[in-house]
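Look for chain A in each of the two complexes below; its partner is chain B in the first and chain C in the second.
Moving on to the complex of A and B:
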């Protein structure tokens, strides 16, 4: 009896976090312009309804020495690697498309949260807040143009 | 008078005795032994220069353990990692090697997947 109770407690403890955050698969698609430079560093992050940094979704570019060029994100995080451990990949070449699929918390949609992308390319101008798009269910699937390096960004759900 | 002539003859003979061998030595082509000696002297001089040069290049005394040279860009790049630029230390862990951060944005345990087309 005791072992059954222990097993039940364990499975409940393991299941609870997954239930606590209701999430849905979301695909974030970022297509870069043919800007004619090296691979771009991109960071995708979210701010809350007050505009405060809420967390990072993805970092494209693995060398922390370049993170200072992702100026808005860097200002919010100090370049702290703990913010992007396990969600960091390679930089993205000019003209290429980065597609990220993740289980995003439902609570982020239609609640005043904004998804931002900062971009930077070596020997070229930094481009903070290149994309700033409110996370709404209605906005899903609508391409948004960037200002400098990003041709378009959209999220699909 | 005889005495003066005797002195003049003696000095002339003495001068000739010294000058003629010296002049002939100066005119004689260099001998192989002389060449070898000169070459050996040159080698020794070069060796001394090399040793002196090796001392100049030994940077370990000045850099205290940093035995790299300034032309190594990779290592110099890492020097950018100072202060808040690398708070928490070094580069982040790549996706797939550790769990994503528990920032409340993701479903726990679900790692994002990325591809570049």
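Moving on to the complex of A and C:
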């Protein structure tokens, strides 16, 4: 279990559209299944209604040389370390749960934004877009299964 | 200094290095196994030929990967479930599971991080650094011991632990250093300390927006042989903006899924190439044979660790604690020690105890602490020193010659040098000789002429003690017994007497094998394992110092045999000659690895006189391999002291002995064994040119005569006894 509070986790790109910047704490819970490999690298990020990269929420995995295996995120950011500056933690072992809490702008919800998770495990296949869930108030608290490594993901407000 | 650089990293990182080497050796098997198991047949194919076969066999194909071993894996996603399998390139069909091997994963994590994440990685990197320091310092120690890098593979002599340690080291040190260096490189790369980040092409700004181009028609894939492929990823189904991603040995690129055109390409950077090559060499992935070699070399590490610890302990055990040592400024006798393995310290302790009980004040110190300015009360300096390798200073005497050269000679302080060594080495007591020559040249007066102790001989040491006592004006009895093993009771089985008529009563004494404890039998210690040429120690009644006799039999013969000449007034030989069958007396074994026939088929030239025939007869008796043995034997009179005269013809008849040449000294026209050698000079020279090994056993004068004769015989062929000794082809057992 990991609990982190990041006051302003997102880049300015995400906070600017908000007219009145109001934010609320959101808990993101990612549980991995027992896929029989080493710790997984996970990156959580958000795309805007047009599908363009909007900002990163969390990077689980400390060695930047492996970030290229988080394929979609890497393509969108070019692996830019500024995108994950201060929001990086350890990789997540098989069967473990990653729980992070951060303040997300209200304007992100019900506005067409989508939360994505890319995953990668050493010597196993890369799994971009493991998770892609639209950010809605209604969807909060509903677990979503991933494709290969993630057993379930949910966000709670 | 180098020795310390070898010892401390070795002891401190012992556990880490052991884990690294054992797990590394186990890991080295996996790439080879994968290579053997990988289905072949893809070598000549292009990617554009291979991939459609897999597409046909596996719906929902997402990615195709090729490992350096040649193994091809496909990943797919169908009906919401991901799948992966090893592919037979001939059919494109799945043949085996692609799940990672849990044992491989466990070993890999142990090997690189002890399951401790980054902290573990750093610890293991420290282990690799220690291994590198050990390899470098060890290599320079081996070179110094052998007398230079050119003699890297020179034959070794000395105790088993030391020989094993060096023998393994000189074959595996290069591989171990390579593994350690590449490990450090990989650690630096993992921690992002190297500019070897992957070069990724920028994702194309625009794509055709179409889908459905057949893989078989893509030019880039048709031009890429499967042997260059690393990975081909398919676009997401239904996403027209996505592309094919191709990774090969030369770079990464994107291919349009509608037109099959190449959209972007980035080659590997130089750093990336170096890092990848290093990764493959270290892990053996794609270089399975090299991996196996490195793994085999890693297996030497546990043996070197065990023998290294044994050597270190032996060195420590031999060094006495310097309790009650007098300060240098107040001592009358300055006793300085040059010791490598620690045994010389033992002798020095005995000398100090004897001098102290005679009322002398003694300051004992390593030779490297030589400082005559502090010796204000000194009346004499005694130097006891071993020799390292080819005449170099032993560990505790390093820097002594430089200090001696800087110091002013003190006319009032005479000096005595006693060298310790092994006569079978060409540079016998070479450092002791350098010390006494340098001291004489500096003008230091001499207390005693330089003397030597051969193979820790208590007799040599006691003799020197008596000379020292005579020079000092009081009796000095030095009874030093270096680590005497527990003696066993030996019962005489038979005796054969010779030589009474010629005034040299000599007996061949045969004892029954004593009961050997199981532990000795297992470890081959004591009487559990011995060879002809090893030494039997006998402690006579009423003496503090044992006498040693060369064995004329090995363990396989099933008995213990020695040849003893009775010396007038000799305590030990007298007691041995008084034995009748059934009597027993205590004896113990001391290995003499420097005097063995060795393996191989080269002829043997055995030269001995009198009782010296003992071990030589043992070699002949044990010559089951029917090696060509030429025996030169000197006696007084064939009618009286032809030792083994009964057996030799039989051994000759069954091929154990090729030829015997005798020399008889008590008859008109006396001949000694060296005369017999000269008479057979041409034949002897021919045998030596063909690689024969020479083994000499007998008295000092005879051995000197033999060396002289061989020098003459070999001169025309450009060989010399000195060179042969250096090669280990000329060994002596002299008493």
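Criterion: the second predicted complex is superposed on the first by the 137 of 157 C-alpha atoms of A that agree within 3 Å, B and C clash if a C-alpha of one lies under 4 Å from a C-alpha of the other, contacts with A are read in each partner's own complex, and residues count from 1 in each chain.
The rule is simple: a contact is a pair of C-beta atoms (placed from the backbone, for glycine too) under 8 Å apart; a residue touches a chain by one contact, two chains touch by 3 or more.
The structure displayed is predicted, hence computed values, not measured ones.
Once chain A of one complex is fitted onto chain A of the other, the partner contacts of A:100 are limited to chain B, with no touch recorded for chain C.
When both complexes are overlaid on chain A, the residue A:68 reaches chain B and chain C alike. In the superposition on chain A, contact of A:23 is made with chain B only, not with chain C. When the two structures are aligned on the shared chain, A:38 is found in touch with chain C, with no touch to chain B. For chain A, the partner that touches more of its residues is B, with chain B and chain C as the two candidates. By the touch criterion defined above, A:57 reaches chain B but does not reach chain C.
Of the two partner chains placed by superposition, only chain C is touched by A:125; chain B is not. Overlaid on A, the two complexes show chain B and chain C touching the same residues of chain A, namely 62-65, 68, 78-79, 90. For chain C in complex with chain A, the touching residues are 62-63, 65, 75, 77, 82, 84, 99-100, 102, 105, 109, 117-118, 189-192, 196-198, 200, 202-203, 233, 236, 245.
Across the complex, chain B is touched by residues 17-18, 21, 23, 46, 54-60, 62-65, 67-68, 78-90, 92-93, 96-105, 108 of chain A.
Residue ranges of chain A in contact with chain C, taken from their complex: 36-38, 62-65, 68, 71, 74-75, 78-79, 90, 123-127, 129, 147-148. Chain B meets chain A in the complex at residues 77-78, 80-81, 84-101, 103-117.
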